[in-house]
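For reference, the structure is listed below as structure tokens.
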Amino acid sequence: MKVRAIDIGGAIGAVALLALAPVLGNSGYLTGVLTLCVIYAIWAASWDFMSGLTGRENFGHALFIGAGAYTAGFLATVYFANPWWSLPLSVVVAMAFAVIVGFPTLRLRGPYFALAMLSAAAIMQRLMLIFWEQTGGEEGLYGLEPLINSPLHYYWFVLAVMVVTAAVLMLLARSHWGLILRAIKGDEATCQAAGINVTFYKIASLMISAAFAGLGGALYAHYQLQVSPPLFSVITSITIIIMVYVGGMGSIWGPVLGAILLTLLTEMLRGFGEYRLWIYTLVLMLILFFLPGGLVAPLWRRLTGARS
Amino acid sequence: MSETAAVDAQVRGAAGVPLLAVDGVRKRFGGLTAVKGASFTLAAGEIVGILGPNGAGKTTLFNLLTGFIAPDAGSVKLDGHELKGLAPYRIVNRGLARTFQLTRPFLGMSVLENVLVACLAPRVRHRMASEEHARRILDQVGLREKAASPVEVLPYGDLRRLEIARALATDPRLLLLDEPFAGLGSSEIEPLANLIKRLHREENLTILIIEHKLREFMALVSRVIAMDFGEIIAVGTPAEIVRHPRVIEAYIGRTEGDGAAA
Amino acid sequence: MLQILVYGAVISAIYAMLSVGFTLIFGVARILNLAHGSFYALGAYAAYFLTSVAGLPLLPSAVLAVLFVAGFGVAMERFLVRPLRKSQLAVLMITLAVSLAVEQALLITFGSEYRNVPSFVADKVTVVGVDISGQRLLALVVSVLVLLGLWLFIQRTRLGAAILAISQDPEAARYMGIPTDRIFSTVMAISAGTAALAGVLVAPFLTVQPSMGLLPMVKAFAIVIVGGLGSIPGSIVASLMLGYSETIVAYLISSSWTELVSLVAIVVTLIIRPAGLFGRRAAF
């Protein structure tokens, strides 16, 4: 698909709107919500790069998010490191997790891989509780320092990270690398016959996906100033997948917008408290049954008259 | 036994410097031995056919040569280098490419993209990773006009050409074609045969073709390896093969051309 | 030693009940049901509700609980899963959504605190010199009987034969005129019912709380990976392996380490033998 002027214009407009919204709204609350939106956008984009392109749906993305966040947590509470170390180290740790988990699981197809990842994340969550002396158990780790003191400046920083993340992943997805990932989705045996090292590309893509998820995890940890086991939970993973679904799988920018919209929706539904997850489930069912291609990306293409 | 030895001698005799040397390759699936110790060699520049009824073990043999199935025993050497135990993609990058009998394009992608993927194989990436190159290959197989179409709308005959294009994109020295004529109408067979001939001549490709019908490729190949029940039963020129008693018994005798034995 | 033998047997039997249903519905309908753990949790909560809130006697409560969950499973398959069967991802998503919705519903209705269900058998029993609560022993005996019954049903009845035929070759079964949709419903009922029964049986001696279904789901998955997806004998053998490994780990190290056993089992199996002990297909 060609990149059109209107797409670039739309992207610049969206980023400008995101950057200016807290200033225009002049509300600390809005800044906080938008920071969360943008962090979810990083997670959704990183999920989509691996799973949307190769068709290997990762039901345990929370594994990498939690790994990144806990890395930040340990650095702050055990090693009292400069908080900026969190960012590179969480990336490294999340990538290490991707290698360890990816080698056994990425040989598997479809639901097998999905379930293996789901289990891996569930068990990490469990481990956080088992080793409560080190991890703080249910309460998790407290006392992280903010990376940037001004919430507005931190928001802009996170927004910049998100824009770079999305740009890098989209460029990769449009490159030969992305072509190979789409070929893997098509037929692995044919990829082999075309001389492509399928395992390498799958592991490397999972590592890239994990790297950005872990980075987002660290940004989240320094936003909440604490980390706790639910970061590893199935709900975290499934929330991201729903966001990708709403955005339109495989386009990267669609899931970014899907994440932002759904996080905003979540905030608006805060009054519904415990029923929120049901509303999410309902959204998911409606999308599954009526809009299998997603909402955001197809809608934009339709509105701007793109073919396919 | 002596007969097998004689066959072996015949194979080796026919070859000059072997590009491909297959020695005692064997594969069992449960109780069934799909390939019983196949041995043969191919000289560079040859165009050879493997003939046999359905179920004779031809496709299994291809899968064994290309690493898609691991052989139980035996060796496969390309230019003296052992291929056994290598992953399929590594074998492709050594210069041995294949097509699938049931066409397996990358769905959700255009014809050009399908070929471009193969241009990204490590063997050729440094000089071929470009749309121009992929287009040149589509030219060779006569699919230039279809470059932008999604593979889903491609007619069957074009899918067969796309299989060949993908294999060619990896710049192979030896090309294995698994029943390239299967499912084609009579009007499509001759152009495809001509394409294979041209590739053999102009690109100096060594080609090994599986076919279970005689007619299609007797004119194409210079030598035929006949298989039945997982064994090589005869090797010779097409003219010799059609008169070979074991081939007649195992194959032509059963049904005209169609190998109902399966 | 004997303690390990007896307690391991109880855990293995419960795992077998959970994983047989999980593998059966996959083998027959190719549904990888992430809501399987919810059936287990729903069974336990239904037993809690019927006994402690509605005040019904134990046995009818147990029967009603199992029937209710079986009906819930059938409805889920019919209305939510079947329309989406073409896409395996959609099936995973919808069953996961159901499991989250169930967990949330339990949380809203019953709160997050632990609930108690009275034991069916209150007395302690001594088996081969090991003291064991009657409830655990009952769980063991009932599980074994149910599994035996299931085995007889599949081996000896026409319906069972049809189920086996579909799980071995869905296409051929369709051509032979086996009504696959009806069979899916039957298998779903069996699958949900056995999971619920497992929940009912363990409710008196394990904690009953809304998220109780997730871990058993992960374990059922581990067992099914080890045993081979779709293979009933495989899942029973793997249940014994996992049940005993966990008991031994709990005995030798600490019960909090048992969760790691299933992780190790999954990883080791995936590396050494992706098709599982009894799996026919490579990987998938």
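Order as written gives the chain letters A, B and C; numbering starts at 1 within each chain.
By our rule, a contact is a pair of C-beta atoms (placed from the backbone, for glycine too) under 8 Å apart; a residue touches a chain by one contact, two chains touch by 3 or more.
Which chain is which protein? Per UniProt: A, C = Branched-chain amino acid ABC transporter permease; B = ABC transporter ATP-binding protein.
Remember, predicted model here, so these are calculated numbers, not experimental data.
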| item | value |
| --- | --- |
| Most central chain, Cα average position | A |
| Taking each chain's C-alpha mean as its centre, the one farthest from chain C | B |
| Length of the line joining the C-alpha centres of chain A and chain C, rounded to whole Å | 32 |
| Geometric centre distance via CA averages, chain B-chain A, whole Å | 45 |
| Rounded Å distance, chain B centre to chain C centre (Cα mean) | 49 |
| Complex interface listing, chain A residues touching chain C | 57, 59, 103-105, 107-112, 114-116, 118-120, 122-123, 126-127, 130, 234-235, 238, 241, 245, 274-275, 277-278, 281, 284-285, 288-289, 292 |
| Chain A - residues contacting chain B, complex | 176, 179-180, 182-183, 185-187, 189-198 |
| Of chain C, residues touching chain A in the complex | 32, 34, 80, 83-84, 87-94, 96-98, 100-101, 104-105, 107-108, 214-215, 218, 221-222, 225, 229, 256-257, 259-260, 262-263, 266-267, 270-271, 274, 283-284 |
| Residues of chain B defined as touching chain A within the complex | 66-68, 87-90, 92-93, 97-100, 104-109, 113-114, 116-118, 120-124, 129, 166-167, 169-170 |
